Structures are given as C-alpha cells and as structure tokens.
C-alpha cells in the first residue's frame, strides 16, 4: 500500500517500551538522529516490532512543526 | 522555551511554498532525508522562513506511526 | 509496508478537490458513510488519486475522538 | 454542539480497555468495519462509555491519510 | 453530542479567513488570549461561522504539548 | 527556539498524573479555563514538570476544531 503521508523516514528499531495500553518505540534513523513513536500495544504486537527491525517512521505533513533560532 | 515534543530533528530549509492559507516547508535533515511540514502562512511570515535557514522539524511522539516490511 | 495505524477503512474515491497547497479527498466507505481526508496536493499527484480508485482511509487511533448522545 | 470535524461516523461501542491513563475504545461502525479510538480514562468516565452505547467516531479531516494499492 | 475531547474552551469568533480549501478561524477566548483553528472551508460553511459567533475551541488532549522556560 | 505553532497559551501546571508510558498534565490558563495535555512520561521528566510551574500549552492550528451551538 502506498501512503499519502509525505514523511517516511527509514531507520532501525532501537527500543520498544510497552505501557498499559500505549507503547513507545524508539527508532534510530538511517541518516542519524532518533525518533520516538507513541503507538498502541496492539500495533506493536501486530507488526511484531522488536529491536533491530528495519522500519519507517511515518509522519503526516500536517503534524510537523518548524522551530527556528 | 523547552518543548515536551520528543522529536526535534535539526535541518535546513530547502523550499517554502506558500498557498492561499497553508504553506509547505521542505526541510533537509542534517542526517540526510527530507521532511515536509504543512504550516500556516502566518507561521512562515512570523519565523521569516526562507531557504537556507537552520531549523528543527518538531513532531509530537503521538503523531509518529511505524511502517514495517 | 504494514502500518501501525489501527484504522484502515476500505473505500472508493468519490471526489478530489485540489486547493493551492492542500487537497480534499472524499472517500465512500465500502461499509457505507463518507470520509473526507485533507492531504497535500503532492500526495494526490504521487498516488495519482482520482474518482473510482480503491483506497483506504488511514487514521491513527490517537486521532479518533468519541461523541455520545 | 455542532462540530467542525468533517468525519462523524455512527457506530456502537464494542469494547473499552482502560490503561493507566489512556483507554482504547473499539467502535463497530453501523456501515461495517471497526474503529479504535485512543482517549483519556477521564473521557471514558465523563461519557460513561460502555459496550452497547451508540456513539460517533469523530475525526478531523486533516488527520485522515489515504492509502492505495 | 458530548465529546471525549478534554479541551473545549469558550470564546468568540474574531475573524474567518477562507483559503482555497482550508480556512483559518481566529477565536478570542472568554478568559483572554486567542486561538487559531485551521479547518476546511466546508466546515466554515456548515457551521455558518462568522465574526461575533459564540463558539468553542475544541482540542484533543493528545494534541497539546507543553513548553517551559 | 521560536515555534511555528500558532497557539501558545500561558498558564500554570495544576497537576501531573503519570501513567505507565503517558502522563496527563493539567494546566490552568492565565486567562481562565483549564487545558489537559497528554504527553510522554519522558517529556515530564525532561522538563521536570511539577505543580506551580509556569508553562505554555502549545497547540498547532491544524489540531484545533470549532464547536458551535
């Protein structure tokens, strides 16, 4: 499936921290830098996410802000 | 101001495309890769955004999805 | 690519209304009902979206509210 | 109160899974298909959400992506 | 309809700026301060929004960040 | 850092409720009214958020809806 989301950054799962309902997934971007995703525990199970997995951090353009200075 | 948003990726503005009310800002990440932000024209004017500016792409963790495979 | 977003509703594109930078895509869900997506013009071009296309409306669980009464 | 959100899909609560602070609410859409909402425990209590309730899944157009293929 | 969104701030419409597809609505909060909402032109028409209207700025808790210092 | 987000409302932290991974921060706005933010526990620790802190509730314009009537 091709997705309309403009931002799909390749990386590797560094850590998965499940909570009661919400998990945090830390992704080391191939280009450098780290992105944290807050997703449901069900999504983590469904994608069988674990450290070392090759993944994409997917972000809709309307969810990106710009900071300067 | 320090911000709760977990993801603040440094980069350089590559292009600013203003629309009628909404502008698209393309940011080349320092680590490689590109991020597009959809923000208001007012924000572009307020931050005086133009190609070459050093900026951050700021994204709340709950707005990041994970794609795999 | 398998996506963490919990909500992926199948449907058919009914209309595509491009704006200056932002387009509105109306999707008739297979199960009935209609969903409007506000996405970039670039995404519309990239996916070559047009009426009649089979698509999915994709929504992260943290972006869904509940109304009652 | 009439809401600007373009997407208000009628359905029935199928399950409510409270977490430490965040609950997941599964809604069976009247037209078919299922939507999961991630909302605060306080919202679940405030609306007294329980299986069988008639509700709406409410989604802002700018939070809907399109997937194709 | 009662909504799960935790933040519903009362105010008055100060300005409505329609774009090609997306409008900006400026709301003067009753308590002081101003909030800008970026919504579809269709929503503006549907709610017949105009300066002077009593409205609520409605925001999901997961869309609020915190800045400090 | 100056931020593109159009809405930055000053207030005081009233309560911080940590969950397993996600915390709720209640902010009393200077102008009156209360805003709840759902952010990561890591962000709470990173900003050392506690009751009495002067903060801003930061909200992107595209995440604000309008309710009327």
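When the chains are written out, they are named A, B, C, D, E and F in that same order, and each has its own residue count from 1.
Everything that follows uses one rule, which is that a residue touches a chain if its C-beta (ideal position, glycine included) is under 8 Å from a C-beta of that chain, and two chains touch if they have at least 3 such contacts.
Chain labels with UniProt names: A, B, C, D, E, F = Transporter.
All values reported here derive from a predicted model rather than from experimental measurement.
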| item | value |
| --- | --- |
| Both-way neighbours, i.e. chains that touch subunit E and touch subunit C | B, D |
| Inter-copy rotation, subunit A to subunit D, in degrees (Cα atoms; steps of 5) | 120 |
| Farthest-lying chain, centroid of Cα atoms versus that of subunit C | F |
| Distance between chain centroids, defined by C-alpha means - subunit B, subunit E (Å) | 23 |
| Separation of mean Cα positions, subunit E and subunit D [Å, integer] | 21 |
| Length of the line joining the C-alpha centres of subunit A and subunit B, rounded to whole Å | 17 |
| Residues of subunit A touching at least two other chains | 1-6, 19-22, 24, 36-40, 42-43, 47, 56, 58, 60-63, 65-69 |
| Which chain pairs touch, all of them | A-B, A-C, A-D, A-F, B-C, B-E, B-F, C-D, C-E, D-E, D-F, E-F |
| Residues of subunit E defined as touching subunit F within the complex | 3, 5-10, 13, 24-25, 27, 29-33, 35-39, 43, 47, 49, 53-69 |
| Complex contact set, residues of subunit B against subunit C | 17-24, 36, 38, 62-63, 65-69 |
| In the complex, subunit C residues that touch subunit B | 1-5, 19-22, 40, 42, 60, 62 |
| Residues on subunit C engaged by subunit A in the complex (per definition of touch) | 1-6, 37-40, 42-44, 46-47, 56, 58, 60-62 |
